[in-house]
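What follows is chain A paired twice: with chain B in the first complex and chain C in the second.
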Partner chain A sequence: MDLLAQVLINGMLLGGLYAVMALGLALVWGVLNIVNLAHGAFIMLGGYVSWYLYTYAGIDPFLGLPLTAVVMFAVGYGVQRGLLNLIVRAPMFNTLLVTFGIDVVITYLAQLAFSADFRTINPSSAGNSIAFGAVVLPVSRLFAFGIAIVLTVGMWLFLLRTRLGRAIRATAQNLVAARLYGVDPRHLYAMTFGIGVALAGAAGGLYGTVSQINPYIGAALTAKCFAISIIGGLDNPLGVIVGGLFLGVLESLTALYIGSTFSDVASFGVLVLVLIVRPNGLLGKAA
Partner chain B sequence: MKTARTMLLLAALAVLAAVPWFGSDVLIQFGINALLLAVLAQGWNVIGGYAGYASFGNSVFYGLGSYGVAIAMAQWQLPFWVGLLFGAALAVVFAVLIGMPVLRLRGHYFAIATLALAQVMAAIVSNVKLAGRNVGLVLPPLNNDPLFYEFSLLLLVLATLTVYWLTRSRFGFGLIAIRENEEGAAVMGVNTTLYKTVAFAISGVFSALAGGIHAYWVTFIDPESAFDIGLNVKMIIMAVFGGPGTVFGPVVGALSLSAVSELLSSEITSFAGLFFGVVVVVAVVLMPRGLADVLRRFRGTGWRYFGENIRSHQL
Partner chain C sequence: MKLDSAAKAVPLLDVRGVSAGYGGMPVLQDIALKIYPAEVVALVGSNGAGKTTLLRALSRVLPCHGSLFLNSRDLLPMTSDGAFRAGLVQVPEGRQLFDRMSVRDNLLMGAFVRADKSAVRRDLDRMYSLFPRLAERRRQLAGSLSGGEQQMCAMARGLMAAPTLLMIDEMSLGLAPVVVELLIDALVAIRTEGVTVLLVEQDVNLALSVANRGYVMETGRIVRSGSDKQLIDDPEVRRAYLGL
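Then we have the complex of A and B:
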């Protein structure tokens, strides 16, 4: 029973992190109609930015997250403005292919620049944990979970309340009308993609504190983020939290009862099942 | 005109077939790899180019074909051709089992649902005792590169003939109709589920046969090499670069990109991997319908061709 409780807690802590990973992908998909296959690669890059900030400048990975996010925002803005804006109106397969190519390029450059070694960001707080009876809560995971929730809720409020957030939602609903109301779509698309990549970068920094990063983690993470976005739906960041928690718990339970090599199989199975039964997401509007 | 073109093709084929008699060992080995990649690109062309269902998981079939041959030869001591048939049968079964649910998904949902297939299969296979778990299997060696070369060439010819048949058969027109407008195709009486599943299976069989030949050639497979995600990258990029939905595009794309990649990796080792990523980005932005379309239209429009492609798709 204690073991089950511990596994459930671990799954939920992991799930919060998954949610913030998927947030950027869902935002870019929902607004720009681009499924960014390089999303996992951006998460990986964010992890390395955080790792370098911590290892060479001594900046705590949690305090350094805003800096990581700013760096990654600039990367994202540049990629959208310089490249993706050129093909935004092409069939979706083309944007898939281009982001796929970006993924290959980033992964390859990362391998050259950072080597294939596994890295972990290990701040001094990493070993601490809080015990509730037999259930143990590692402090760094708890921190990562808390920040993930704050980021997701913050994203939700941003889209709902701020001028830029409203412009983004207006563009997602009707590009032509938004243009008539004075929105510059080139800039706005780049801002949206930049925010998506900044979120990926922050998620990467958090991921680096609870797991290992190397240049090849991107593809698997992209697939997970995609599964979460599908489960949660694209309408609402809060759906992404539910999707993330669901996947985190599911993977932990699979690892406990079937074997850890099967956790990817489980998430894929759920993805296909959800796509077939409810193509707009578990929480989305019925098809 | 038509006979001239056929003669030219036959001549090119004869030169390719003669490579083992005049080429060096290195050239033959390069040839085997390039031809097998061309088979994969051509196989992808059936489902991705003609039916318009871009599969990012076709390397699963390659892996199944590899394991089919490896299990038949290493575990059951059966001859090579039985292994090939076994691998192809596995591919068909898999295409139907996975295709029935996944092919119900439209375009990009299908593409991404297949993205994780290779990883999932690698995870499953590394737990199967018959497949040697994550250690892999060792096949009896056969030191005869020219034979493997001719096998690969024969397979590529078969794959290309199959795609040629698509351009003039009811089945092929059905697939193109599905690509252009699936609802429309269904209304016109095309059994879309059946057509898509058969296309997926044809695509899978050729990938599996290529995997089987490759497994016997390198005499060793493990889950990681058999279900290599990098192969998906290559086959899609090659098919798209050459021209998806054309008979010779994927072959030209595969052979030319293999050659450039080989030259690059011998000159500047570290940039060959980067090459494929850059090629797909540049190709999709400047020539989204592939080399075949450039050749057809470039004479009329000149350099404006590339500008027009950007203008029609930019924000």
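Then we have the complex of A and C:
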């Protein structure tokens, strides 16, 4: 019983991190209709930014997250403005091809710059944990989980309540009308992509504190984010929390009862089931 | 405030000798029209007369020749965005609402480029008193409104941009007569607020019942103009458009 409780807790903590990882992908997908295959690579880059900030400037990885996010926002804004805006209205195949290209370029530039070694961001608080009876909560994972929830809810409120968030939703729904009322889509798309990449960067920083980063983690993370976005649905950032928690718990349970090699089988199996049964996501309107 | 003797005032919109077309094919020829402050002017004509093309030329989506002045500012060198910022606001045909956003958010999107927050808030309240239906449904998704309510929402969104001139394209298209009655009431209310409106309509009867003056278009030219009364009494207009 204690073991099950611990596994459920671990799964939820992991799920919070998954949610914030997928948040940027879901935003860009929903608004720009771009499935950003380089999303995992941006997470990886964010991980390295956090690692360098911690290792060479001594900035705590959690306190350094805003800085990582700002750096990654600039990268994302530039990529959209300079490259993706050229093909944003093209068929999805083109955007898949271009973002796949970006993924490859970033991955191998990262290998040249950072080497293929595994890196972990290990602040002094890393080993701390809080015990509730037999259940143990590792402090850094708890922090990462808390920040993930704050970011996701913050994103939801941003889209719902702010002027820029409203314009982002409006442009996604009706480009013609948005332009009619003074929205400049090139700038707006770049802002959206920048925010998506900033979220990926923050997720990368969190990932670095609970796991290991190397230049090749991107592709697997993109696949995971893709599954979470589909499971949670693109309509609503809160769907990403549901999708992330669901996947985190599912993977932990699979690892416990069936074997850790099967966790990916379980998560992508569920993805296929969701696509068949509820194609608009768990929270989405029934088709 | 209403200016009945148009000759005394400076026109808000002054269009002279405008011609335009698509790919060398002339559609508009030598268009001249004037709109004075706080007037409601109808632009009527059957399908294909060039009404929407004229709107596209005015809002600088379509290149054209001639002279175009709004409030003594030359529109000709402006982009569509520039014309919008100069106060030329369109309520597009087919309404083009943000369907999965609330009525309130749709209205606020109309004020997207405005920086004066408190004035925007005041205008929002003004819209709710002008369109009580929208006030009741402010939290509802725009896509779930009835056709007439959607048209009101589109008109209110246009007004939220604080237009110098509001151009409404095919307001009554596809709506039931009962609903059109409601929209006419709304237009009358807008008129009493002192907003200048160019109403583009196929429904001549409707347009002339709310407008101060009207222009009749046929195959890219303005063939008749005059006050609402003159046009309604014009035997040619009666025969061609009113079926009398």
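Note that in this section the second predicted complex is superposed on the first by the 287 of 287 C-alpha atoms of A that agree within 3 Å, B and C clash if a C-alpha of one lies under 4 Å from a C-alpha of the other, contacts with A are read in each partner's own complex, and residues count from 1 in each chain.
Please note the rule applied: a contact is a pair of C-beta atoms (placed from the backbone, for glycine too) under 8 Å apart; a residue touches a chain by one contact, two chains touch by 3 or more.
Small disclaimer: the values here were computed from a predicted structure and weren't measured.
Partners chain B and chain C, once the complexes are superposed on chain A, both fit on it without clashing. In the superposition on chain A, contact is made by A:Val104 with chain B only, not with chain C. Contacts of A:Val88 after superposition: chain B is touched, whereas chain C is not reached. Set against each other, chain B and chain C touch different numbers of residues in chain A, with B touching more.
Contacts of A:Val183 after superposition on the shared chain: chain C is touched, whereas chain B is not. Of the two partner chains placed around the shared chain by superposition, chain C is the only one that A:Ala170 touches, whereas chain B remains out of contact. With chain A used as the common frame, chain B approaches chain C to a shortest CA-CA distance of 15 Å. Only residues 52, 54, 56, 101-102, 104-105, 107-109, 111-113, 115-117, 119-120, 123-124, 126-127, 229, 233, 236-237, 240, 270, 273-274, 276-281, 284-285, 288, 310, 312-315 of chain B touch chain A when the two sit together in their complex.
Residue ranges on chain C touching chain A, taken from their complex, read 80-81, 84-85, 90, 92, 96-101, 105, 108-110, 112-113, 157, 161.
Residues 163, 166-167, 169-170, 173-174, 176-184 of chain A are the ones that touch chain C when the two sit in their complex. On chain A, the positions that touch chain B within their shared complex are 35, 37, 83, 85-90, 92-94, 96-98, 100-105, 108-109, 111-112, 185-186, 189, 219-220, 222-223, 226, 259, 261-262, 264-265, 267-268, 271-272, 275-276, 279.
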